[in-house]
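In this document, chain identifiers A, B, C and D correspond to the written order of the chains, with residue numbering beginning at 1 in each.
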Amino acid sequence: MAEAAFTPKDPQYEQRVRASFERQAAMQTIGAFLSVIDPGRVVIELPYAQALTQQHGFLHAGMIATALDSACGYAAFTLMPHDAAVLTIEYKINLLAPGKGQLFRMEGVVTKPGRTITVVEGRAFAIDEGREKLIATMTATEMSVFGRDDVKH
Amino acid sequence: MAEAAFTPKDPQYEQRVRASFERQAAMQTIGAFLSVIDPGRVVIELPYAQALTQQHGFLHAGMIATALDSACGYAAFTLMPHDAAVLTIEYKINLLAPGKGQLFRMEGVVTKPGRTITVVEGRAFAIDEGREKLIATMTATEMSVFGRDDVKH
Amino acid sequence: MAEAAFTPKDPQYEQRVRASFERQAAMQTIGAFLSVIDPGRVVIELPYAQALTQQHGFLHAGMIATALDSACGYAAFTLMPHDAAVLTIEYKINLLAPGKGQLFRMEGVVTKPGRTITVVEGRAFAIDEGREKLIATMTATEMSVFGRDDVKH
Amino acid sequence: MAEAAFTPKDPQYEQRVRASFERQAAMQTIGAFLSVIDPGRVVIELPYAQALTQQHGFLHAGMIATALDSACGYAAFTLMPHDAAVLTIEYKINLLAPGKGQLFRMEGVVTKPGRTITVVEGRAFAIDEGREKLIATMTATEMSVFGRDDVKH
């Protein structure tokens, strides 16, 4: 995917993403980390771990989706104003190949930002012995939320 | 959702589901367990755990999706012949409410089984202080796969 | 699907749906008509026409989707306040069987209404020589829009 | 989107697409025509017509989806062997902007071809007074079908 070219509303977008990510215990549990935070584009990486596998020893599709969904949500979040929280309304994922590899790279790129709704496209890649392979694509619909107690930044 | 009324092709469907589920390390890592295995319908339950939370302390959407996707995949698997493996081609999830509760119940029910393609609908419920609430819906497309080494039962 | 049980915010919901539907030239072009308008549930019917077929002489999937999408959008619209317009953000459709029949019935039922976002499930049935068959399922995400000139009621 | 770089299994792919398209009465009814047929990439164009509008006078989302779904299906079809038929299993569409313009261009590009399953991404553009705008994105899952009477080429 081409690099996104967006102007963030909040120059502190990177700190906001990092602060939110660090509060997600689930990301630490699965071992995911933030790799790139650009306006409209976030990359999350996830090393292979036996604890995250499905029945054939590959990375579980749920773990791919979890990290890819986060990359998409945070990509949208980079373009939101400082007082917005991000809420994933829905996503769709196509699983193209098994999660076979040592490292996985999940990339979310904003297709169209909006005041209320932001649409994001995600791609997950497996890096297997140095070769990168597209293993999943996602389309996610994210909402900017303001002033809701159960959905903070 | 109404109870599914399907005749399984393989009377050993329950054992097949249990054996496959037990090989999924990710399910054990997140603490999910099989609760109901009927022909065309599988329920997976997942207790709340702080290690699985998002930034507001609720169950991470990725964990909801992971367990719900498994319920859908295994619901399809119950209706497949004994030599088939199940592969999730794609799914779409709508997140309706935060994952607030002590226990989560994920239910997959087959909408239409097929020789190659089986479509399944999933619903995730949060049980919060005894009250049950619908928190997510899913539609998943599952494929029956035969004779592929990387996709065994 | 079970009948929806919702209380409309605007008692004139039926008139609003009818008035909007009548302004959709596309619905007249394909011959679709409103059959049921209940709070949270709308049924649209579409008779078979050779002009709407795909390469095998069955109803084109696009026509099924068009009418089913409208049923979902209007189902959401029945629950919105009188000054809201409805906008379809996205939908997903699974095509389960060919559009073979003399009449098609598209049913949209609200899963969860919301101030901004309403999620709707749709089902399309073909009536072929008196027998009804499920041919498609849809999940649609609808948005309530206020005060936008390009999106009126 | 980048141009797809695929080698077709059947050198007659263009004729097969044209022959199938011409048998789709619905495409003629709405006025859609084939504009580009490359291996793994098909573009369909659709001029604005009042008969295809929604309640605000813009192109109906159903017509956008119908033509975009066809572009995706035929993009997959270009890469299938000569004896295969193409069946759309499911698609998801995000509607990003109203269908405001004089001409609409729908582009389907194969993400990943497969023996049974081919995943395609679609983009719809409105051309409004010479300016082009992205108005919808689609992900479609297509299946290669062999030897079924109700699903010919």
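Brief remarks on what is shown
Keep this in mind: contacts are C-beta pairs under 8 Å (C-beta built on N, C-alpha and C of every residue); 3 or more make two chains touch, one makes a residue touch a chain.
Since the model is a prediction, treat every value here as computed from it, not as a measurement.
Steps from chain A to chain C, minimised over paths through touching chains, total 1.
Set against one another, B-D and B-C show the most C-beta pairs in contact at B-C. Residue numbering at the chain A/chain B interface overlaps substantially, since over half of the positions present are found in both copies.
Among the other chains, A has the CA centre that is most remote from the centre of chain C. Annotation: 28 Å between the Cα-based centres of chain B and chain C. The mean-CA centres of chain A and chain B are about 22 angstrom from one another, to the nearest whole unit. Note: centroid distance chain B to chain D, computed from Cα atoms, is 32 Å. Looking at chain C, residues 89-90, 92, 94, 119, 139, 141 sit in touch with two or more other chains.
Interface of chain C with chain B (complex): residues 92, 94, 96-97, 111-112, 119, 121, 134, 137, 139, 141. Those residues of chain A that touch chain B in the complex are listed here as 20-21, 23-26, 28-29, 50-56, 58, 60-63, 65-67, 69-70, 87-95, 98, 100, 150-153.
On chain B, the positions that touch chain D within their shared complex are 89-90, 92, 116-117, 119, 139, 141, 143.
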